[in-house]
């Protein structure tokens, strides 16, 4: 029982138990947690299988992004009105269990009686180390034989992002300008507003709201005496002396 | 024409209402104990996601019934109460009340006293603006600003302490002038402050005025158009930020503001950033005013209108002359009886127009004493500014109105 | 079984795959089903990398990388659909989603 | 298995971890002192000489404080969440090279805990996992607002994690490796421009990458202008409002360890970790990391806080495009360099 | 020496120097008073000045119309409502018990004016909110302190006192200074002993 196998068995066992936990947990957040544990253990197994880059990628992409998104959705969807545990009719659960075990039996049979086909590939561990490590080797392989699939994946990811944006946008764009019904009178316009009958005053001088924010800072207008600017308050950028 | 008064809704911390099939609205309570509500102000916000759809400020947690008390105290006894309304700029409150009573009595303090009153009022404006700047910047995140502002404010409070013995509740202004002599080294102390402060203020502006994050948090936030500001009765920097030129010191000068040369800053966009610029400029103008007052104030001359019976006779002559002792005795026991009539006088307080309306029925106790504080009226514009704003902006909006709950609730 | 051989990771992969499949069949909460699909993706990755390790060739690892990319894209769109679904029907119970059925 | 190598490595790792925890404690003291100095006041000086025992005092205080667990909180998750962010934080110090190899008592000891091929990715992965501490902390405290606050903080961390990763790609292109030890060696060969010996620190060849990394690092650790959770707890409720006592301090201290770890990383990646003009050594690394820590505190005292939408807008609309441009430029320069060879 | 003789001996207060801040002190010469007299002959009661301040009394039903007229009048332009308050005239006169007082200010002409109207308990005063948004809280405070109800006010409820305050309106003259009942401070059985103040009300 070499150390490698022992560690592999432990990690594998935890991964499988965690996976079972995902299925059996009552609260989806607990199942998400179990999934995190399972993914981390699988990442550790990748390291044993000398695929460090993929281990890091797995943690960054799967646990770091996808599962976080799933947790977001679980929490935004108001986690307390959840369908009851398991949900399936008992008979359905039992049937699924039997089906699963049967499938497991078949696959195990296939695994044990298989014969290795084809000769080993060029990337033996020594060759990988010579190149400088798993990342460098993977980079060479990817960008020599698989450049096209990378471009296709890039397009796929772009399409997915756009799809997500479309789905997540609120249905009706929120009306930004709230209608404000304040009684507005105008200093410069003697007639003022007839608030009683809701006539909106014509404010030629003060087109309120069209506010242009220039990039630089602002200068204040200094009034020398109490009489300056009484006809026309300094408003808008007209007064940028 | 019956008008049923709406049943007061029970106080609920927060609840979510399903407004329509897709929009969920959240009612949120902010305050009254809240780090950035400048005292005990409570704001009920209705939120839709991040934007505010409704804002209802609830005040009254610091209501002490100052106006009711005013109807049971003699004119001179009420002065200490005026410190407690806006506890950040106490000399200005004293000045407002004392000037109104002097107008009712038809008397005027001697020239030297009026100059010293102007100096103390402008120092109070500086102290109030420093508290505003410190807390406003702290709410938006600049931690150190409050430390620097309060360091400068200490210098002003030391001047107050040397002048009248108290730092905060100054109770320094009396009807008819000052009864205690001016400490001889006070003018030099003020001149030192005038020499140091401009450099410190440039430090504040280096930190904030051109800071992109500060600009992002303040520009275009809480915009008030000039006619809306006038309609809401806003005064002080809130009104001048929108470009309306109304400063009581220029519009209806009192004391010797017409002998002093200073300018009134006006904003052009009426947002939080403009009000910030206006108040910073006001501080510089106050320095100019204090400097000119220090130069123009006569070094000797009476500080107290001694000959009028409305005024308590000066201490030194009370013990020597019989007539003053008798007047002192009557003044203390029965107080003075002003003529019947009503008076309203407004001064330019650091937060806006502080007006006192006194109705006198001829008795030594005012019949009605109404204090029009600027914060109370300015705070009405918070719902107008908050609608459509983001939640994180509420702290900036409360800061830009510059409220002190003592004078809002009275 | 002293030395690490292919059967180890293949059994692990099979076990994970079957658990994932059972989860998809049994559970009614669409989010848990989604997680079980991720589990199945992972199982496939394990076997790919296992063979890459055994065959001394990196082709398996490149495939695993592509699977991760595809799984990410699928997750994004899948969750988008789930969000839109739950916002309208206000439920995440897969059985109640049968508008298209009648 | 030569046990001697394993043992020496284990001891070195033990030393690094404890130094990190010690540094974390005294980072709180350092921050309060520098903050005070910048704000014209003195800072803690009552506990012990110059207030040096302040961190211990804080620790005891937090231990003694009552540890409240909300009634309908999810107990297990509530307890695990702070541990998650606290434990993950110091792990990223494992890949940082504190020096070359040193012979101690005849035993060959290399001054780094592990030289893994994907060191920087490992650090990014830890950053990715750190988000769980925030989300689960917000979820477990069963309070609607801390949940919303947690989701917003998590969204911030994820957005800036992408910018963090992309800003480092420039360095990988130049150094050709992800392992920090090799990146350190690549930075130690001085370049000579017309006889002038210029250290090949990546800050000189990757200025944009450096700036982007710094901004993203500050946002990643929820510090200074990006300290939304702190402001959140003022307005609605950040993810750690329901925590109290020592459990709260886990979140609080995790922030400091993250700061130290990121400062060490920045020093190694951009300022040539232990490489210095005169005698190379770990003190250079310490000096550079201290520089970054001072920068953190300096930001905190001066800059106001971003609003949430501005913060996210900055990440996606400004920093991300800049990072991509930086990668493209570095790639072109690298090709131009190779092409001409 | 009885105090009447004492007061008589006091010097006559010389009239307040004429600052012109409130316009001419002679009611007939004041433009606002003349405009109101000719525009609202029935609503105008009288106008008087004390010190340099000009006060106009108008009938209650036309209160809002007069103020809106003063605001919109091209020459007067009293565009700002500085303050609106009330005075309980319980002992000074009997007919209208309260006075609602509006202090107006003309930004354009830099002049103030005071408009007063009498109100009895239970009568409705036309609210100024449609004319000046500033009146919103000012009138809520008047209602809170005096119990005067304003007709047309969008949201008339107590502002300073707690919403469920059921002990009347404090600023009324018949409301005792210390309120109707003692509030026991939490943690103390009996309220603090009260010190009879020897202040004799005239």
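Going in written order, the chains are labelled A, B, C, D and E, and every chain counts its residues from 1.
Just so we're on the same page, a contact is a pair of C-beta atoms (placed from the backbone, for glycine too) under 8 Å apart; a residue touches a chain by one contact, two chains touch by 3 or more.
All of these numbers come straight from a predicted model, not from anything done at the bench.
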Overlap of the chain B and chain C neighbour lists contains A
With centres defined as the mean of Cα atoms, the chain at greatest distance from chain A is chain E
By Cα centroid distance, the chain farthest from chain B is C
Higher number of C-beta pairs in contact (A-E or B-D) found for B-D
Averaging C-alpha coordinates per chain, one finds the centres of chain C and chain D separated by a number of Å equal to 33
Between chain A and chain C, the Cα-mean centres are separated in Å by 18
Expressed in whole Å, how far the mean CA point of chain A lies from that of chain D is 22
Dist(centroid_CA(chain A), centroid_CA(chain B)) in Å evaluates to 50
Multi-chain touching residues of chain D, meaning two or more other chains, are none
By the touch definition above, chain E meets two or more other chains at residues 79, 107, 110, 132-133
Chain A residues touching 2+ other chains are 53, 57, 65, 72, 76, 134, 182-183, 185, 187, 226, 230
Interface with chain B, chain E side, in the complex: residues 3, 6-7, 9-11, 13-16, 19, 21, 50-51, 53, 55, 79-83, 85, 87-88, 91-92, 101, 103, 107, 110, 112, 114, 124, 132-138, 141, 145, 149, 151, 155-164, 170-171, 173, 175, 177, 199, 201-202
Counting only contacts in the complex, chain A reaches chain D at residues 3, 27, 29-30, 33, 36, 52-53, 55-57, 59-60, 63-65, 68, 71-72, 75-76, 79, 132-136
Contacts from chain B onto chain D in the complex sit at residues 16, 28, 30, 34-36, 50, 137, 140-144, 147-148, 151, 207-208, 211, 213-214, 216-217, 390-395
So, in the complex, the side of chain A touching chain C is made of residues 1-2, 4-5, 8-9, 12, 15-16, 19-20, 22-23, 25, 28, 31-32, 35, 38-39, 42, 45-46, 48-51, 53-54, 57-58, 61-62, 65-67, 69-70, 72-74, 76-77, 81-83, 86-88, 92-93, 96-97, 100, 103-104, 107-108, 111-112, 114, 116, 118, 120-125, 128, 134, 137-138, 141-142, 146, 149, 153, 156-157, 159-161, 163-164, 166-168
Given the complex, residues on chain A that touch chain E span 182-183, 185, 187, 190-192, 195-196, 226-227, 230-231
